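Per-chain residue numbering starts at 1, and chain names A, B, C, D and E are given in the order in which the chains are listed.
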Amino acid sequence: MAWMLETIAILSPIIGGFIYGFERVVKARMQNRQGPPLLQPFYDFIKLVEKRAIQVHSFHSMMGLAFFFATWFTLAAFLCGPNILVGLFLHILALAFLIIGGFSVLSPYSVMGSLREIIHLMCVEPILILVAVGLFLVTGSWSVRDILSYSGLPILYLPLVFIAFVLIIPAILKKSPFDISEAHQEIIGGPEIEYSGFFYEAIYTAKWIEYVFVFAIVFLFTGVHWWLGLALSLLVFLFINALDNSTCRANFHQMIKFAWFVLLPLAALNIFVLALWRYVI
Amino acid sequence: MSAKIKSPWILHYNCGSCNGCDVEILACLGPKYDLERFGIINKGNPKQADIFVVTGPVTKRTRARLLRLYMQIPEPKVVVAVGTCACTGGPFRNMYNVENGVDRFIPVDVYIPGCTARPEAILKGIKKAIEIWKIKTKESIEVPVVIQKEFEETLSKMVLHGQTVDRRKIIHDLVNKYIKNNLEVTKCD
Amino acid sequence: MENKMIVPFGSQHITLLEPVRFIFETENEKIVNVDVDVGYVHRGIEKACQTKLNYKQVAYIIPRICGLCAMSHALAYITAVEKILEFDPPKKAKYLRVLVHELDRIHSHLFAMAHVAEAAGYENLVMHLFRDRELAMECLEILTGNRVQYDYGCIGGVNRDLTPEVEKILRKKLKKLEDRIHWFKDLYMNDYTLSLRWKGIGVISKEMAEKYNAAGPVARASGVRTDARAEFDALPYRDLGFEMIVYKDGDIYSRNLVRLDEIFVSLRIIWNILDGLPEGNYKEEVKGLPKGESVCRWEAPRGELFMHVRGDGKQILTRVRVKTPTFSNIPVLRELFVGANYADVPAIITSFDPCMSCTAR
Amino acid sequence: MLKMFIESLKNLFSEPATLPGIGTEAPKGYRGLIVFNKEKCIFCTKCELVCPVDAIKFIYPEDGSRNLEFNYNPFLCIYCGECVRACPKDGALIQTNIVPEPGTQEDNPNEKWFEIERRAQESKKKWQIALAKKRQEALKKAKKQPPSDKKGSKK
Amino acid sequence: MYKNFEVIESSLEKIKEDIKNFYDPSKYHFITINAIDLGNGKVNIKWFFAKYEVMDKPIAFSVDATYEDTIPSIVDIIPSAWLSEAELADLFGLNIEGAKKGLFLEPDSPPAPLRRS
């Protein structure tokens, strides 16, 4: 257990790759197709290494790399650091690299994608912070290690926060109905459009790490019962994919409305009640 | 490397076809044929694509765009011409606004005949294209057919003068010149 | 950052099969101005039909204007020529023409619906539509010998008979298809996210549709009662249970429903044909050279197709003019964009089901 | 939404609709490659005439005989079947259900065909001259002696 | 000659007036404008209309003109006609008021390709 978190943080691209590969298989099967092999993300990875990279300008490419390393670092800080809030703030920073990179090129799709990415941030981060606060209220600690050794089941105290979090996962992972910043049919991938070869690889892999990040948060909701955590993650995974496959893309007004007027109050209510119960009564 | 051939991403461009073959390409992505099981994704973005799938005879207005898309795809890349009209011009051969097959402009690696090409034929053709793609590397330099003559002339001139030769740059400049000469009526950004 | 942004849409774009180019001037993702360029696919087919090809060969080049309604183009041309020659094809040929034409409509409508769903980011629905569209494609393939370019009609009738084995397969597949269409109808009526995305978006009022002469499902979704199948006497639609589908709202959602309901009508027509196919020849010899002028209005899947043919008594025709459905719908499309949201653009465009390859020819 | 949600989960545990391998064979009536049968052909060149895209070209022999060389470009053919319908001789030209194979740069569907088209055009002119000459000779012969030998190919 | 549509003969000066009097957007559907080259620099132009929902023959207004004539535009009566007019201006090289050229043709395409020459 001692080195578990560190190992996960270091191996996160590989773990994330498997999750992503598995997801593609599940998605294909849900669409009644056979789907790619499980190792497909790694094949893509190798392929991208062998492609010539066309750089728009070096700053833009650097932002792509920065996004990857920042995301990786974010996960490490989140898992091994003393305070998950640090991880969440770093997460914003990592996305900021992507956004700046997106703004730095002339392509209108990239710029529009970056604008939409900011909207994503505004929807996602408040809820992530509420998740952190909720977990703190339940377990009394900001660190992942302590939360994971909490003997109770945080999800029992935080049902609404959990629901809010699950419903915002599509926005974090850019899945339907909230795949607005990537919107393949509208802006062809958004901020990532101008990356190619090796630099696109960085963006592509950073996405895998986000998977680990999301499912690590799901894990936190079950405290020390990691078997339950595994089951819960699988359930959430299936739910997210089925949702992805049974909805069409919302537009960004609808996403903001949903995140701020439905999910945020929901989560806030949960935390408010919990705080009252913990500290007042 | 064997892993490479399992992940070809395609870019599809229609340069004046009747849609017949485009529809069949889309049908290939559907559940019945499911190209994704071979790792193939339809990327709408030339910068991340490997296989350039072209349909249709080249019309006068699409030729500059075709060249630009071709140049934007990073090496190694292969070009697949789908349908009779992309191979030779087919039913539209020698019409006044048509420049016939795609290989008048860019080097085509695989020709898929048929009007319309059957999805099975497209699958077979793409598999063939992957075999060709496997051998190419990121150092391979391909010269678009339209500028080949000029390219060779420029090259021999430069060699004669003892200048250092950057083939890629020469190609780039020549293509840009060509595109400028055949600029589309409406400019983008 | 400045407020105005120019967003090019096309000519190569993932939701568009074809090269067409829209240039949007947007303000905070709201469109304030549009420019449209439809000429990418101009090939010069009309010219070739008037100079190189004789009037029988034209029947095989004209469907290559566009693959998705290949059957409509070919049959409209053939009908126009037959009208000039004052030839009436045998009844069986007419029935078989309707059969293939309606199958063509089914696959085209399913494709169009998939296209709109794709633009809305609803990938699973796309896949389901594509899967079930294959049933119609298989029917067409065994019946005509090709999946898209059927080359089924010819001057004088049709090129192939409907054999009993083929009929048996058709019946089986169409039965399956019908069940699936019922399933889709149910889904379209009840899906919340679809209505969120499509209801009230891209609305064309009845007045606007009439003012800009919209055609096909686009017009019918706005409440304009127009359908060339009921307005032109080329094929025996009246005997086959044809019914016009009209919706009132004129938004993306009703355009989809029009298409969905038309599939039911097509299926009913096909059942009627299979049950009551007349005996007789499927092809007859046609004599004489075309001399005179005639027109043909034809309800292609996307709307009214119009052919104007003139022959001067020679092998080669004097004029072949094709007015295609999308050609009629471009003006209203352009008007519609101003004030729309950029995020809705793909959905609006695809809900028109545009086909540039026939617009420019 | 709910309907699709359930359908998705159902699909997850059912057989995918994907065909194995590369897909099905073309059905019996598929309009595939045109196959030419030299033994049966009477070289009326009707097929060349009706073809809307000129995918059939005959190269004429120089001696004015009827021993034409059939050329066919599968990369140009639109598989309409018009040539087969026009052919007066059963079995000389058949439309099979073979799906044409994809070609590579070695097949070179364009330059090779341009060469054939050029040769076809030239050879036809020569052939016409040769034929005219032959006719004249035949006429002369016919005048000299009663007909014993008809014009036509011997080789 | 005209096998299955009715033709109303008109002239260049009168055509706009005629169409204005005739066209009722809620009753008639404007189909398209077409031109036919009659040879010798003469051209015949037809405006096609059809009735909604009734099985009836299409109606065409026919005008004979030469390539030098200026042809009145009907965009102010039928706004959707701009596309047909632009096409004719492009492919036949007709002088139609206000129609922009270059919709289909590139600078190096043959000018006015549908003219007989």
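The rule is simple: a residue touches a chain if its C-beta (ideal position, glycine included) is under 8 Å from a C-beta of that chain, and two chains touch if they have at least 3 such contacts.
Treat the numbers as computed from the prediction; the structure is a model and nothing was measured.
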item: Where chain B and chain E overlap in contact partners, by chain label; value: C
item: Chain separated most widely from chain E, comparing mean CA positions; value: A
item: Pair of chains ranked first by number of touching C-beta pairs; value: B-C
item: Mean-CA-position distance for chain D and chain A (Å); value: 59
item: Gap in Å, rounded to a whole number, between the CA centres of chain E and chain D; value: 42
item: Geometric centre distance via CA averages, chain C-chain A, whole Å; value: 43
item: Computed distance of Cα centres, chain C from chain B, in Å; value: 29
item: Where chain A touches two or more other chains at once, by residue number; value: 28, 30-35, 108, 184, 188, 245-247
item: Residue list for chain C, restricted to those that touch at least two other chains; value: 6, 8, 13-14, 37, 39, 42, 44, 47, 60-61, 64, 124-125, 127-128, 131, 146, 149, 193-194
item: Interface hub residues of chain E, defined as touching at least two other chains; value: 102, 104-105, 113
item: Inter-chain touch pairs (all); value: A-B, A-C, A-D, B-C, B-D, B-E, C-D, C-E
item: Residues of chain D defined as touching chain C within the complex; value: 1-4, 7-8, 17, 26-31, 50-53, 78-82, 85
item: Touching residues on chain A, where the partner in the complex is chain D; value: 26, 28-35, 238, 241-243, 245-247
item: Chain B - residues contacting chain E, complex; value: 60-61, 96-97, 182, 185
item: Contact set on chain C toward chain A in their complex; value: 5-8, 13-15, 29, 117-125, 127-128, 131, 193-194, 196-197, 341-346
item: Residues of chain E that touch chain C when the two form their complex; value: 1-5, 25-26, 29-32, 34, 36-37, 46, 48, 50-56, 58, 60, 78-80, 82-84, 91, 102-105, 113-114
